[in-house]
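Below: a set of structures, written as structure tokens.
Across the two complexes that follow, chain A remains constant while its partner is chain B and subsequently chain C.
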Partner chain A sequence: MEIRVADVAKRFGANAALEDINLTVRPGELLALLGPSGSGKTTLLRVIAGLEEANQGHVYFGGQDATSLPVQKRQVGFVFQHYALFRHMNVADNIAYGLRARERARRPAESEIRDRVGKLLDLVQLPGLEKRFPAQLSGGQRQRIALARALAVEPRVLLLDEPFGALDAKVRKDLRGWLREIHERTGQTTIFVTHDQDEALELADRVAIMSQGRLEQVGTIDEVQDRPATPFVMNFLGDAVRFDATVADGRILVAGRPLGFRPPQGLSGAVDLYCRPWHLHLVPSEQEDASGTITAIRRLAGARRVEVSGAAAETLEIDVPLDAPLQPGETVHLGIKQGFLFPR
Partner chain B sequence: MSSAAPVLSRLKRPSVIPGFGITFGFSLFYLGLIVLLPLAALIVRASRIGWDGFLAVATDSRVLAALKVSFGISLLAALVASVFGLLVAWVLTRYDFPGRRIIDAVVDLPFALPTAVAGIALAALYAPNGWIGGLVEPFGLKIAYTPAGIFIALVFIGLPFAVRTVEPLIAEIDREQEEASATLGASRSRTLWKVLLPPLIPAILTGFALAFARAVGEYGSVIFIAGNLPYVSEIAPLLIVIKLSEFDYAGAAVIATIMLAISFLALLVINLIQAWSRRRFGHV
Partner chain C sequence: MSDRPLSPSPEGWESVTTERPVVRWTAITVALVFLALFLLLPLVIVFVEAFRRGAQAYLEAFQEPDAQAAIWLTLTVAAISVPLNVLFGLTASWAIAKFDFKGKSLLITLIDLPFSVSPVVAGLIYVLLFGAQGFFGPFLSAAGFKVIFALPGIVLATVFVTFPFVARELIPLMQEQGTSEEEAALTLGASGWRTFWTVTLPNIRWGLLYGVLLCNARAMGEFGAVSVVSGHIRGLTNTMPLHVEILYNEYNFVAAFAVASLLAGLAIFTLGVKSFLEWRYGDSLSKRVSH
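Our next item is the complex of A and B:
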């Protein structure tokens, strides 16, 4: 089902948690809401679920205005970071909870409920655990049960709030692949919140990157990586180095010298040039675009990482081949192959 | 010796904190001296009049009536105190309102107040010429000097037990559990009955047991409001005092022993229910 968020704003007291949010989630899509803590991503998820009321704007579920629909009626599946399983109920009762809560006319028979519970346990790869209590399960198992419970009600959209945040690294990695697989099998429209860009890039069809209550960019992995919309996106998705630059006569100038690539149309004057480490390379001194002093060299598995100060606005790091003859204190000459320009 | 050695070594497990021997010994000594010795003396005293004498006191209609009043009204009062205690604890932990801290402090007053003071205050309120007693009097209702008065006094002193035992558990309730229930389509009342209340049951039972135990033993506040009519509103502890003032020590000891036995049984039953409910609902 298509989920559309239109002009949504949410304030907590004087603080704006969400501002001017417009987002469309396509049917069957797995979308990641990505952002640092405090960026409003969880608040947006809760507004979609109906757990939080927006001060302004609308939420549409497949064309139907769901803004004033209470959470009980929205038919969403919500998975919490800390599972929120009912501790006094066993696994089967937890999963069956949503089905048993339906009004009599829509409630399946007990035998059918048992059937469904068994099928869902198979789906989350925990068959036979019906009689266990949440306290007897590991964190990863609990989160799988929580997902089964959310899927049991056949939700119109599945919402996951940092679903793997409380798990250790190994389990987190396993569950990512597993969630992707379940998503492919069920085709459920899914929105999940995360602050871990690796997780978002690995799992999601598209990512929506948020900062300070605003959407910075929505797009596929390639789009956000290859065409970052804002410096924030650039910085958030990986290491980035900033250079002061100017655009004049269709050229990019760093410290007065032109670079080897052209600026996009319509940009002129003082700009910020952001580069990924792999956009920089070592060149002979006469071809340099920038130069700096080596402050430290560290050995990585297959390369050496060189820390350079003085070249860009901040200290930058580049990886060089193991056999590069470099010493701390030496001056290095850097060529800029590529970069992203943002108006100042 | 050979059989005692493993038991001793099992008790003497290495531990970070020393002093198991001395604390355990002190606990046992204290329990024996303060609790078990007087109880034993009571039973010895009661047994001195022989089986026939015991039965004669135990089956005396006035004694039976007093026991019925004591345990029956205590049970009822503990039930009511548990329900209201739950409500009060809920309001105090879940909502923030002006005066919350004051009400929170007031809940403990029955703990701190000398019970006789509470009794006099309640009697003055509920007497036919008192503020509340005067209100219901025109309808032919009497509260003070009837079993209803005993009931009110016992609810009053039982309430703090009920409130304070469930309060920490209510504070611990995870908001996400309620939200999970709501997203799964459950109504508010279903969330309350199926998700929020079951984990509280062991604590509610503990509060009930404490309120009940306190109510059975209550003397001071009750005698001022009860009217103390034999067969109607005379409680067993008062009967013991009466027997004592008549120098019928054996009779007093018999009533006390019976109370002891019933209280013990009641607490045992409550504990069994509690153990069961913990197994059933307490998987934390």
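Our next item is the complex of A and C:
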């Protein structure tokens, strides 16, 4: 089912939690809402679920306006960060809760419910745990049961709020692959919230990057990596170094010297140039685009990481081959192969 | 502590929070003596005095019509005021734990009011409101409805004195549990009513029972507030605690202590169930030390 969010805004008192959100989630897609804490991603998810009411804007489920639909009628599957399993019910009753809550006409027979619970437990790879209570399960198992419970009602969209946030690193990694697999098997339209860019990049078809209640960019992994829309996206998705630059006569100038690549159309004057560490390399002094002083050298597994100050606006780090003859205090000459320009 | 060796004692290292044995035993002895003197001894005396003339005389004390009327009245008052306070406690703690609204902290403060107001004052408030010379007095007597020196007044005073018990027990418990289980139920399509009965109530049931127990014990044992509004009409508006006082003032010690032993029994029973609940369901009761 296609989910569309149009012009949504949400305020908590005087604070704007969401501003001007427009987002379309395609049917069958796995979309990540990615952002630092406080960026509004969980609020957006809760607005879509109907757990939070937007002050403005609309939410459409497959063309139908769901804005004024109460949470019970939206048919969403919601998975909470801390599982929110019903602690006084066993696993089977937890999973069956949504089916039993249906009005009589739409409620399946008990035997069918039992059947469905068994199948869902198979799907989440925890068969035979029907009689266990949440307190007797590990965190990873609880989150799988929570997912089974959400899937039991055959939701129109599956919403996951930091589903792996409370789990340790190993379990988190396992569950990621497993979630991807389940998504491929069920084809369920899924939106999940995370602050972990690796998780988003590994799992999602597309990511929607948020900051301070606004959408910064929506796109595939390649799009956000290769064409970051804003400096925030650039910084959030990995290490980035900023240079002060100027665009004039179709050329990019750093400290007055032209770089070897061309600026995009329609940009001129003072700009910010952002580079990834691999956009920079060591060059002979006569070819340098920038230079700085080595302040520290650290050994990594297959390379050395060199900290350079004075070249860019902040201290930058580049990785060099193990046999590069560099010493702290030395001056290095850097070539800039590539970078992203943003108007100042 | 210069006389203590720096090397570990034969029993191993002592924890820094562990006092010397002499201090420990003094503290424990003082506490135990205090408890025995002020709690156990009076309790024993209640039963000793009640059975002073034998079991026959003890039982006869309950055959007296006034005593039976007092017991019935006490049970009636508790049967009305405890459910009322369960209702109040549930709604108040629900509102406080699950919503944000203006005046929330004022509400929490007000719930504690009966703990800080003398019960006699609580009784007087109702006399001033509903008594013959009171604010609503003329109106009520014109309507032929009697509040003070009758059952309604006793119930009102009891409700006032006991209303913090259920709410105070549930508020921290519900706050600790948060709202995510309720939200999960709602997203799964359950109505608000169904969510309350299948998710909220089961999660707080032991806390609720605990609150009801304390509320009931106080409702049955309340003296001060009830004494003011009751009028002490024998066989009509005398509750058990008031009846005990009357019997005692008439030098009818065996009967007085016999009725008192019922109240003491209730206290012991309450304590027993309370300890059982704490032992068995300690995790699902609130961590807060209750009254």
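Just so we're on the same page, the second predicted complex is superposed on the first by the 344 of 344 C-alpha atoms of A that agree within 3 Å, B and C clash if a C-alpha of one lies under 4 Å from a C-alpha of the other, contacts with A are read in each partner's own complex, and residues count from 1 in each chain.
Quick note on the criterion: a residue touches a chain if its C-beta (ideal position, glycine included) is under 8 Å from a C-beta of that chain, and two chains touch if they have at least 3 such contacts.
From a predicted model like this one, the values you see are computed outputs, not experimental measurements.
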Fit or clash between chain C and chain B when superposed on chain A: clash
Touched partner set for A:L282, first chain B, second chain C, both or neither: neither
Partner chain in contact with A:G98 - chain B first, chain C second, else both or neither: both
First, second, both or neither for A:P134, with chain B first and chain C second: first
First (chain B), second (chain C), both or neither touched by A:F78: both
Contact residues of chain A, present in both the chain B and the chain C interface: 49-51, 71-78, 80, 82, 84-88, 97-98, 101-102, 146, 149-150, 152-153
Residue ranges of chain A touching chain C (in the complex, touch as defined): 49-51, 71-78, 80, 82, 84-88, 97-98, 101-102, 146, 149-150, 152-153
Chain A to chain B touching residues, read off their complex: 49-51, 71-78, 80, 82, 84-88, 97-98, 101-102, 133-136, 146, 149-150, 152-153
Chain B residues touching chain A - in the complex, by the definition given at the top: 174, 176-177, 179-187, 190, 194-195, 198-199, 280-284
Chain A partner contacts - residues on chain C that touch it in the complex: 180-181, 183-191, 194, 198-199, 202-203
